[in-house]
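Each of the next two complexes has chain A plus one more chain, namely chain B in the first and chain C in the second.
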Partner chain A sequence: MNGMPLIPAGVNRCSKRRFAFWMAAVTAVLVWGVYAMFLIWYKGLNQTRMNDAYGFALWIWADLSVIALGGGAFFSGFLTYIVGKDKLANIINFAVIIGFICYSSALLILTIDIGQPLRGWFIFWHANVHSMLTEVAFCLSCYFAVLTIEFIPLILENPRLAKKPFLNHLTHNMHGVMPIFAATGVFLSFFHQGSLGGVAGVLYGRPFAYREHVFIWPWTFFLFTWSAAACGPCFTILGIWLTEKITRKKLVKQDVIRLLAKISGWMIITYIIAKTADTLYWAFVTAPSRGFTLMDFYSSPTYNIGLLFIEIVLCGFVPGLILITRKGRENAFLLMSAVILAVMGVSLNRWVMVLQVMAVPLFSFDDWFTYMPSWQEVATTILPVAYGLIVISLAYRYLPVFPQEQELNPID
Partner chain B sequence: MFPFCFEWVWDMPHMVFMGGLWYALSIIGAGLTFAVVKSIIDMKSHDGQNQEHH
Partner chain C sequence: MKEKHDYERARRYGMVIDLDKCTGCGACMVGCYMENNVPFKPDETNKLDSINWIRVYKLNNGKPYPETEICYLPMPCMQCDGVDLHGHSPCVSVCPAVATDYDDDTGIVSQIYTRCFGCRYCMAACPYHARKFNWWDPVWPADMKKALSPDVSPRMRGVVEKCSFCFHRYQLARNKAYFENRQNEPLGEDDYQTACAQACPTGTITFGDLNNKAHAVHQLKTSPNAFRLLERLGTNPKVYYLTAKNWVRRQGDNYLTDEEPGKLKQKR
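For the complex of A and B:
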């Protein structure tokens, strides 16, 4: 067994020395983040610059962003296993890995953010059944379990593990029941993505965030789910593109990328039309009914009206229009520009819905609230990036992540 | 939280929230159990066939 190769057959990988050097560099960043994490756990949340105005801060933005960007996993799974877009099976492994990294990072950030991680299980046992965040915690944990189950068959395809008869059968049988897990993932994602948006939309004491409702759900509930399904696949495409650049190989055929980009483009354009309608109704009906004008929310040098333009036009309509046109998708520069803009757009949306909500003054005698994260907050936010790079590096080296790699890079 | 815990109340929020959680966990657990049990059965039948060939 020890003589069997660890690296999948028919593919080239860099030398052990080069790989070790890369891993050491990324691990150094990881250790910095872990040190900051232990400082926070040992000394408490006084290591952060959160305060009475900023109960939600950098971590919650990072949390919401990685959850939105990890949405590529559930949406790709939905398209592959339920809609039947078989072509996307060529990227589903990578989408699952990205989702696994994003959701494990989100859970890690939450264990730091709650201050007392040893009491983390209280949310399940002493659940507040009137809180959207309880639903988020339930769905997040369950969906992480689903992503882990979706990741396991790929791990078991490692040449050494695949030789074990039981593991070989397990891989086969897990692939067989994968549509059930994919459907469960879609169900869970719909609710936790939505509820994260719903949390902002129900804050009736914060007119910047508050939105009109459909039954018990504010508009932000649907917009968050929609934007995650729209922009998550763009993050998957961005991840594939970066992996191709680093490895200097073509890993996925262009028609697969273009198909995902096209679907993502239509999702983005429909989302941004709905977002525009929501913004207009909020600006001209909801906010004035509570004594605010639109410009009250954009009177800060940091949070000015340009931010709204960037989010809706530059990072919304522009990438959407590029991705729905054939010429846009076929031009490599335009395609990747649109993908990057979409990723920036959804991250900016989460920033606005978390941090600008906290910054806006609520009373005429208040000024804009300011917040600058401590180095511990920054380090623990960068920690998931280093962790993600390590997981992707290990997965790419030892697992058959890209089914088309052999065909696209034949070994002489 | 289970219905036999002292905090449990038989109202709609508890039934929807906790019911949803246990429903999702049941599907995940059942799917995983099916895959593991079928793999054991497949492996044993495969071993049996191999022994017959020998």
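For the complex of A and C:
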């Protein structure tokens, strides 16, 4: 058994020495993050630069962003197993890995972010069913379990593990029931992505975030779900592109990428039209009814009206329009520019819906609230990136992540 | 079967703060610190991570000398009744672990420290910044520990706290009324008073049951000079302010350029 190769057959991997060097570099970053994490757990949240005005800050943004970017997993699963876009089976493994990393990171960040980590289970035990966070916590945990189940068959496809008959049969059977888990994942994602929109949207004491009538339910909930489904696949494409650059190999055929990009493009366009409608109603009806003009929310040098332009036009309409046109998708530069803009756009949206909500002054005798994260906050936010790189590196080296790799990179 | 609550008959404890009387002395804050075991830091320069259950803000009319006018505005927790007065105050409905609750008998919004796990969602929801987080473990210098009130539990690091309208005093008043066989009568105005109201040397703060005609606040809140902070958000605070100065009133909420305070239709 020990003599069996660990690396999948028919593919080339870098030398052990080079791999070890890369892993050591990434692990060093991980250790830095872990040190900061233990510092926070031991000394408390005074290690951050959050304050009573900025109770939600970098971590909550990171949480919302990774959950949105990890949305590629549920949407790719939906397209592959439910809609029947068989071509996307060539990226589904990678999408699941990205989703697994994103969701496990989100859960880790949440445990760092709470003031009493040992009481984290109260959210399940003493659940307030009216709270958006309760729904997010339940769905997030359940969906992480689903992602783990989706990841397991891929792990079991490692050549050494696959030789064991029980594991081989288990993998085979798990693949058979995967559409059920894909559907469960879509169902759960629909709830928690939407509820994450509700986290800020229901705050009627915060007119920058608050949405009323149809614009809270179902609008805001759909906006968050839709944007995750639209931009999550772009993050998957970006991840594949980066992996290809690092490994210097073509791993996925271009027609697969273009199909995902096309679907993503149409999702982005429809999302951004709906987002524009939401913004207009909020700016011209909701905010004025509470005594605010649109420009009251954008009167700070940091939070100026340019942000709204960047979010809606530059990182919304522009990538959407590029991705729905054939020429845009076929031009590698335009394609990747659109993908990066879309990823930036959804991250910016989450930033605005967390940090700008806290920054806007509500009294004329208050000033804009400012916040600059401490190194501990930065390190613990980079920690999931290092962790993600380690998981992707291990998965790429030892698991058949990309089904088209052999065909695209034949070994003589 | 759950009984439908009669919101009109229930007690709704609230405050009326006369801003034209406030001198900004801060006695209310000191009284509150002592009464409620509110912790403090060796250096309180940064007010953004200070814990205070009532904070006195300094407002000015923005005009140069000699037309400059100053107003001091004490701001405790507003004990919001929430939209449609149903007790869904901004913070209560968002807390994922029911660590903060609206008491239907008094209208007071509680904070359960041993239930709070420090997610700070309530702080994000509160437009008044009434909620404070314990960023550090509370430390009282030397003998000050001996002066802590036995009626109020000190809070630990990592949880949120806020003004409770000295709820422990309400409980003590109820106990006293029970032993005096007055349990079926409403509490008198003097039976239950907050520490800040009693500490104020100018009588700026009046406290009582807003629904009880025998209490001064019942009448005071109907004054044409009465207003509430950020009323337009629909939070329905139970803390009212009085002022004859229009510029103060204007700073208490947000208005478009063509709107005038006091002339907008408000839900009370």
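Keep in mind that, in the parts below, the second predicted complex is superposed on the first by the 409 of 412 C-alpha atoms of A that agree within 3 Å, B and C clash if a C-alpha of one lies under 4 Å from a C-alpha of the other, contacts with A are read in each partner's own complex, and residues count from 1 in each chain.
As a working rule, contacts are C-beta pairs under 8 Å (C-beta built on N, C-alpha and C of every residue); 3 or more make two chains touch, one makes a residue touch a chain.
The structure displayed is predicted, hence computed values, not measured ones.
Participant: Who wins on chain A residues touched, chain B or chain C?
Facilitator: Higher number of touched chain A residues: C.
Participant: Just to be sure I read the superposition right, which of the two partners does A:H130 touch: chain B = first, chain C = second, or both, or neither?
Facilitator: A:H130: touches chain B and chain C.
Participant: So in the superposed three-chain picture, is A:F292 touching just chain B, just chain C, both, or none of them (first/second/both/neither)?
Facilitator: It touches chain C, and chain B stays clear.
Participant: With both complexes overlaid on chain A, does A:L203 touch chain B (first), chain C (second), both or neither?
Facilitator: Touch partner of A:L203: chain C, not chain B.
Participant: Once chain A of both complexes is superposed, is A:L170 in touch with chain B (first), chain C (second), both, or neither?
Facilitator: first
Participant: What is the contact status of A:S364 with respect to chain B (first) and chain C (second): first, second, both, or neither?
Facilitator: After superposing on A, A:S364 lies in contact with chain C but is clear of chain B.
Participant: In the overlaid three-chain picture, which partner chain does A:L188 touch, first (chain B) or second (chain C), both, or neither?
Facilitator: first
Participant: Does chain B (first) or chain C (second) touch A:A145, or do both, or does neither?
Facilitator: The answer is first: A:A145 touches chain B but not chain C.
Participant: Show which residues of chain A both chain B and chain C reach, each in its own complex.
Facilitator: After superposing on chain A, chain A residues 125-127, 130, 134 contact both chain B and chain C.
Participant: Over in the complex, which chain C residues touch chain A? Could you list them?
Facilitator: 46, 48-50, 57, 59, 83, 88, 90, 93-99, 115-121, 123-129, 131-137, 156-160, 229-230, 232-235, 250-256, 259
Participant: If we count contacts the way the header does, which residues on chain A are in touch with chain B in the complex?
Facilitator: Against chain B, the touching part of chain A is residues 124-127, 129-130, 134-135, 138-139, 142, 145-146, 149, 165-166, 169-170, 172-174, 176-177, 180-181, 184, 187-188.
Participant: Enumerate the contact residues on chain B facing chain A in the complex.
Facilitator: Against chain A, the touching part of chain B is residues 1, 5, 7, 13-14, 16-18, 20-21, 24-25, 27-28, 31-32, 34-36, 38-40, 42-43, 46-47.
Participant: Mind listing the chain A positions that touch chain C in their complex?
Facilitator: 44-46, 50-56, 113-117, 119-120, 122-123, 125-128, 130-134, 137, 199, 202-207, 288-293, 296, 357-358, 362-365, 369
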